[in-house]
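For reference, the structures are reproduced in the following blocks.
In the two complexes below, subunit A is the common chain; its partner is subunit B in one and subunit C in the other.
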Partner chain A sequence: MAAKTLTIDDKHLSAEEGATLLQAAKEAGITLPTLCHLEGIYDVGACRLCLVEVKGLTKLVPACTTRVAEGMEVLTNSERLRKYRRMTLELLFAERNHICAVCVANGHCELQTLAYSLGMDHVRYEYRTPRWGVDHTHRLFGMDHNRCVLCSRCVRACWHVEGAGTKNVSGRGARAHIITDLNQPWGEADSCTACGKCVQACPTGALFHKGATVGEMVRDRHRLEFLVTARQKKEWITD
Partner chain B sequence: MATRILIDPVTRIEGHAKISLFVDDAGNVEDAEFHVVEFRGFEKFCEGRPYTEMPGITPRICGICPVSHLLASAKAGDAIMAVEIPPAADKLRRLMNLAQFVQSHALSFFHLSAPDFLLGWDTPQAQRNVFGLIGANKALARAGIRLRQFGQEIIEILGGRKIHPAWAVPGGVRSPLTPEGRERIRHWLPEAQATVQTAFTLWEQTLATHQRELETFGNFPSLFMGLVAEDGTWEHHGGKLRFTDSHGRVIADQIDAGNYPTVIGESVQTSSYLKSPYYLPLGFPAGIYRVGPLARLNVCSQMGVPRADAELVKFKRLGQGAVTSSFLYHYARLIEILAALEYIERYLEDDELLSSELRADAGINNRRGVGVSEAPRGTLFHDYTVDRNGLLQKVNLIVATGQNNLAMNRTVAQIARHYIQGRGKIPEQLLNRVEHGIRCYDPCLSCSTHAVGRMPLHVQLIGPDHTILDEVTRGDDAPLPAAAPGAAT
Partner chain C sequence: MTRNDLLQIQERELAARKKITLRCCQAAGCLSSGAKQVKEQLENAVASAGLSDQVEVRGVGCMKLCCEGPLVQADPRNTLYIRVTEANAPSIINALQGGTAEAQQGDPEAAFFKKQLSIVLANSGVVDPDRIESYIAQDGYQALLGVLRDLTPKDAVEVMVKSGLRGRGGAGFPTGLKWGTVAKSTGLKKYVICNADEGDPGAFMDRSVLESDPHCILEGMAIAAYAVGADQGYIYVRAEYPLAITRLQTAIKQAKQLGLLGAGIFESPFHFNIEIRIGAGAFVCGEETALIASVEGKRGTPRPRPPFPAESGLFGCPTLINNVETFANVPPIFRHGAEWFARVGTEKSKGTKVFALAGKVRNTGLVEVPMGTPLRVIAEEMGGGAPAGGRIKAVQTGGPSGGCIPAEHLDTPVDYESLGQLGSIMGSGGMIVMDETTRMVEVARFFMEFCMDESCGKCIPCRAGTVQMHHLLDKIARQQGTRDDLTKLEELCDLVKNTSLCGLGQTAPNPTLSTLRFFRHEYEALLQPETGWHRNEATSPQPTATG
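Our next item is the complex of A and B:
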């Protein structure tokens, strides 16, 4: 496979053809904030936190879904980007009801970690405080829409790792939300195998093990990565 | 022409409140009302949440007694799951509650109330606070602060943090006592015990010189309620409810937490966000009862630990049948600190607290669960109703301060009647006595304290037509008036 040469933040580097800017940046030791990206699952560019500037393009592009190209000049940490990232993050917080202090994911939440790392000490937008409910019908897991950021990691894990296809996104705009099967209570979704991969994939406290209390949702992301790698390398197939 | 004197806010209590005094034409106080002006809304916004989250949410009601809500909430969860929690978990919860008693009672006694009776009622208000106490007796103030810290440290050792530990859960607790934690507590215990002895000595001197306060600070017949063990021993976390009357007679006993609606009614008044519970068989307001240290010591027959039992005998001699003066809440608080330290000492010898079998697991087996636990201020009820999936449909919280609401009204009225008679101008020192009537109960209005600094005071003179005839405001930022009174008639 041909290699492409490009610069990221004035750093000259080469990356494999077909690699994303996010992968190239990571290999070069440059960290980008991400939320909808999850190792082992394909990217959709939903959260817009990994936006970068590419010379010659007026629009900002998500690093997770943009492929490297020869001679690309990329900036990942400009004043403009910092401004937008902070704004995006604040909008995520303002959109639903994120109350870290009493959340099952407190201390283990990617949204919370991003807020700390990007120095978000307050939200400039008015909180929408929507009235979302909690789906507590499943035997093992709960889904709290109040804490959902619509990253769709659970949907992708469900369809493309487990292959069950239980989870989906319904509605548009502020009404968009995660559903199970044909918008049935999770406990009544026949396709769900109760594998828990969606719970492992969730970056916030939106999906949780029932009975978990404050800060108890510690996830092991490597399990998903392990499953995907094993499948790609056919580690489970013997002659 | 009747007038109303307003004390707003009441200071050196935990939260925001004001007092109205209604004065008749002759200048005598006719009645008094204690208003809690905070609105919190926990009962409403918790609806729809999983019950398992409640021990994480409800402690946020308060930064002083989060442990009380934590434990009552976890117990309500136990009841919904219909489980008996592992014995080690029960002991650990008790240890944390005892630590909570120590820290909260120390705060009430040393930081909030002692400046009044140790420094003197007529001390200039700028000094009548914990800093004044430090100036007058540094060693004592330090010991008091350290005693509170001791309780806080135990809470941190068990729950990982001093305030709002999310440690107790439906079915048990999340982590045990560690051997290192146990040694830290053991090392500090003698100092805490010595501080309580000092406090008892001070209290004896105080009592000898405060007979007038003893007679007039909320000294009236009422019922008393608290948890007791089956044999009548003082309880703080387990046990069942007992009511006694002002003669010390038991009028209701061994009532299960879940049956509280058969003995407690709740009245809502327009003048306050605080509900006013009453003893149902006697009706409102005749069913007035008190909770908290004074009530717990009145309803129990023994403390169950030797040194506190010896003090309890002395305490009971101060009343006939029951001890009815609310000024003695302070004394009762000291006895409870002593008892808590003795129980903590016992737990240090119990290896079961190091156990790792701490959490029972179960689904939804009851649609309703009531958790009752003694908070430092009095009996606390958490009453949850859930749907079949464990989401809350109804939440009812009955807090200690609410149960003392009627008694606090009567106390401030009694003090005001005694000290405020036919005066044109009312000195601030007299109004402070009225406020102290509230401090006796150590009410927890679930917010920050005003323990430090100048007393922000807002007094209005309101005529029968609701016009403000006179008004004096002294806030945190306003300069202190040169002459003493910050009050007007």
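Our next item is the complex of A and C:
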């Protein structure tokens, strides 16, 4: 496969043709904030946290869905990008009810970690405090819609890794939410195989193992990546 | 179907024409004020006056001056009757025999009509949309015939490039370039899609074209399919347009019966079929990648581009997607030539543009004008200005993605670049005139509410940002806002414009930004008086991290 050479934040590097900017950056040791991206499932470019500046383009592009090209000059950490990322996180925190102190994922939450690492220390927008419910009908898992960031990782894991097609997005705009089967309680969703892949995929405390209490919901995210790699490349890589 | 068959149909149709034609609008606007009954009364009156061999009552599409409907026009006398009722319809027949008509008369020589240049709407109000023969009589399907007989697909693309036509769906992308890209994309299967989802509030150009001249769209799509190498087409039409859907269904059936769609069109190897897909009922389904997902039977949400549909569209195949009005321009371009078309309009914006003129103007309806016509001509001369006692304050173009152009800029020519420079866009053709009673903050709030409700919810800036912007606009409109809120609003406009995934989010701040640009004083007048706290905020230390 042909290689492409490019510059990311003044670092000259080469990447495989077809690689995304996110993969190239990671290989070069540059971390980018991501939320809707998850190793092992395809990218949708939805959270907009990984947006980067590319010289010559007027629009910002998501690193997770943009392919490397020869001679590309990429900036991943400009003042403007840092500001946009903080604002995007503020919007998320104001949107639903993210109260870390009582959350099962406290300390293991990607949203919380992003806020720390990007220096989002206060929210200037009005908290919307919507009343989303909790679905506790499944025998093994629970879902708290109040903590969902609509990254759709659970949906993609459910459709494309497990192949069950239980989870979906319903409604639009601020009313968009995750449903199971035809908007039935999770416990009545016949297509659910109770594999728990969605729970592994979830970045926040929205999906959890029943019985987990504050801070106990630790995930084993590599399991998804391991599975997909094993299937596609026939490589069984365990750390 | 051969060339001779087509010409025979045309001759037969023309020979059957009667001495007098009463054209009677049967498009949605006039139908809603009783045009169907008016037409029936006219038919009865013709029959009882024994004039059936001299007078044809023809149901036609939109006759443009929608606010004065139901409209009836008598040819060749060039008499226009407006607001015709069931009761006074028979007197129109009386007038044909020398009596007087009780129906009110309009002026077919008024600026509203005379300043129009009809390319897209040439058949609108002329042909009977339910009869393919009526379209064939106006040289219908001869452009397709000519293309199949005389041009290679490459030539056909070249004609489009030379015409300079730009997409009428909003962004103004050069149509020839798009056709060329799809033509060059490799793939065994390719598709052509007509975007008839028209979701902008206040826009009804595409609906009128579909209701008035459905065959023109079919012919345009067939030419496009030949040029790019597609054999299957879809028309994605919004479910709220039942009449347009019925007329399209009729048109497709008739075209198939005559062999103008299907296999071996005009005895050439060219195959093309068209199916209708009914819209899923969301504004965002008009965005091309969302529309394609919807046709595939999936949830209609946009995806990042590239890849563009021209490369990977419907079911992963190269797909040409154009707007209704774009396709409507195609048959005339091939009939009269690219040079003829390129002579109309401005240097960079060729041809005409159809606008749905609405709001605080005397004449509302459809206007088709050459690109480059000043806004003033449309709003004041054709539209007749604001109703009694009012003055035009601004003209809004581009709907929820556009902006408000203040009265002092009314001499701006309508073309893609000039409107863009003023922070608005050409958009798909909605044009709303506002008078001095209009409050600009409320206009901004209205459009923001629309975008907030129509956001698909996929990306964070648009989903959550429009909610916060709407909240801030609402707060300011209710006189509860502070200077700090105004700053937050402007920051959010910048964020949402630059980071959203699709055009909906990227343009959602436009109405707010443009009213802020030209009517900032209206925002400021509504702000809470500054307290000491607000004055000091800028200089006081920012809150520090608390972990």
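Convention: the second predicted complex is superposed on the first by the 234 of 239 C-alpha atoms of A that agree within 3 Å, B and C clash if a C-alpha of one lies under 4 Å from a C-alpha of the other, contacts with A are read in each partner's own complex, and residues count from 1 in each chain.
Here, a contact is a pair of C-beta atoms (placed from the backbone, for glycine too) under 8 Å apart; a residue touches a chain by one contact, two chains touch by 3 or more.
All of these numbers come straight from a predicted model, not from anything done at the bench.
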Practice problem: Please tell me which partner, subunit B or subunit C, touches more residues of subunit A. | Solution: C
Quiz item: Which partner does A:Gln23 contact after superposing on A: first (subunit B), second (subunit C), both, neither?
Solution: neither
Practice problem: Once the structures are superposed on A, label A:Ser14 by its partner contacts, choosing first (subunit B), second (subunit C), both or neither. | Solution: neither
Practice problem: Pick one for A:Val169: touches subunit B only (first), subunit C only (second), both, or neither. | Solution: second
Quiz item: In the superposed arrangement, which partner chain does A:Leu91 touch: subunit B (first), subunit C (second), both, or neither?
Solution: second
Practice problem: Classify the contacts of A:Gly133 with the two partner chains as first (subunit B alone), second (subunit C alone), both, or neither. | Solution: first
Quiz item: What is the shared patch of subunit A, the residues that subunit B and subunit C both contact?
Solution: none
Quiz prompt | Contact footprint of subunit B on subunit A as seen in their complex | solution = 101-102, 104, 133-134, 136-137, 142, 187, 210-216
Quiz item: Contact residues on subunit B for subunit A in the complex?
Solution: 48-50, 52-53, 55-57, 60, 164, 166, 169-170, 174, 361, 389-391
Quiz prompt | subunit A to subunit C touching residues, read off their complex | solution = 44-49, 51, 59-60, 62, 65, 84, 87-88, 91-92, 94-95, 119, 121-122, 124-126, 128, 149-150, 152, 168-169, 171-176
Quiz item: If you look only at subunit C, which of its residues touch subunit A in the complex?
Solution: 282, 284, 299, 301, 303-304, 452-461, 463-468, 471, 488, 491-492, 495, 498-501, 543-546
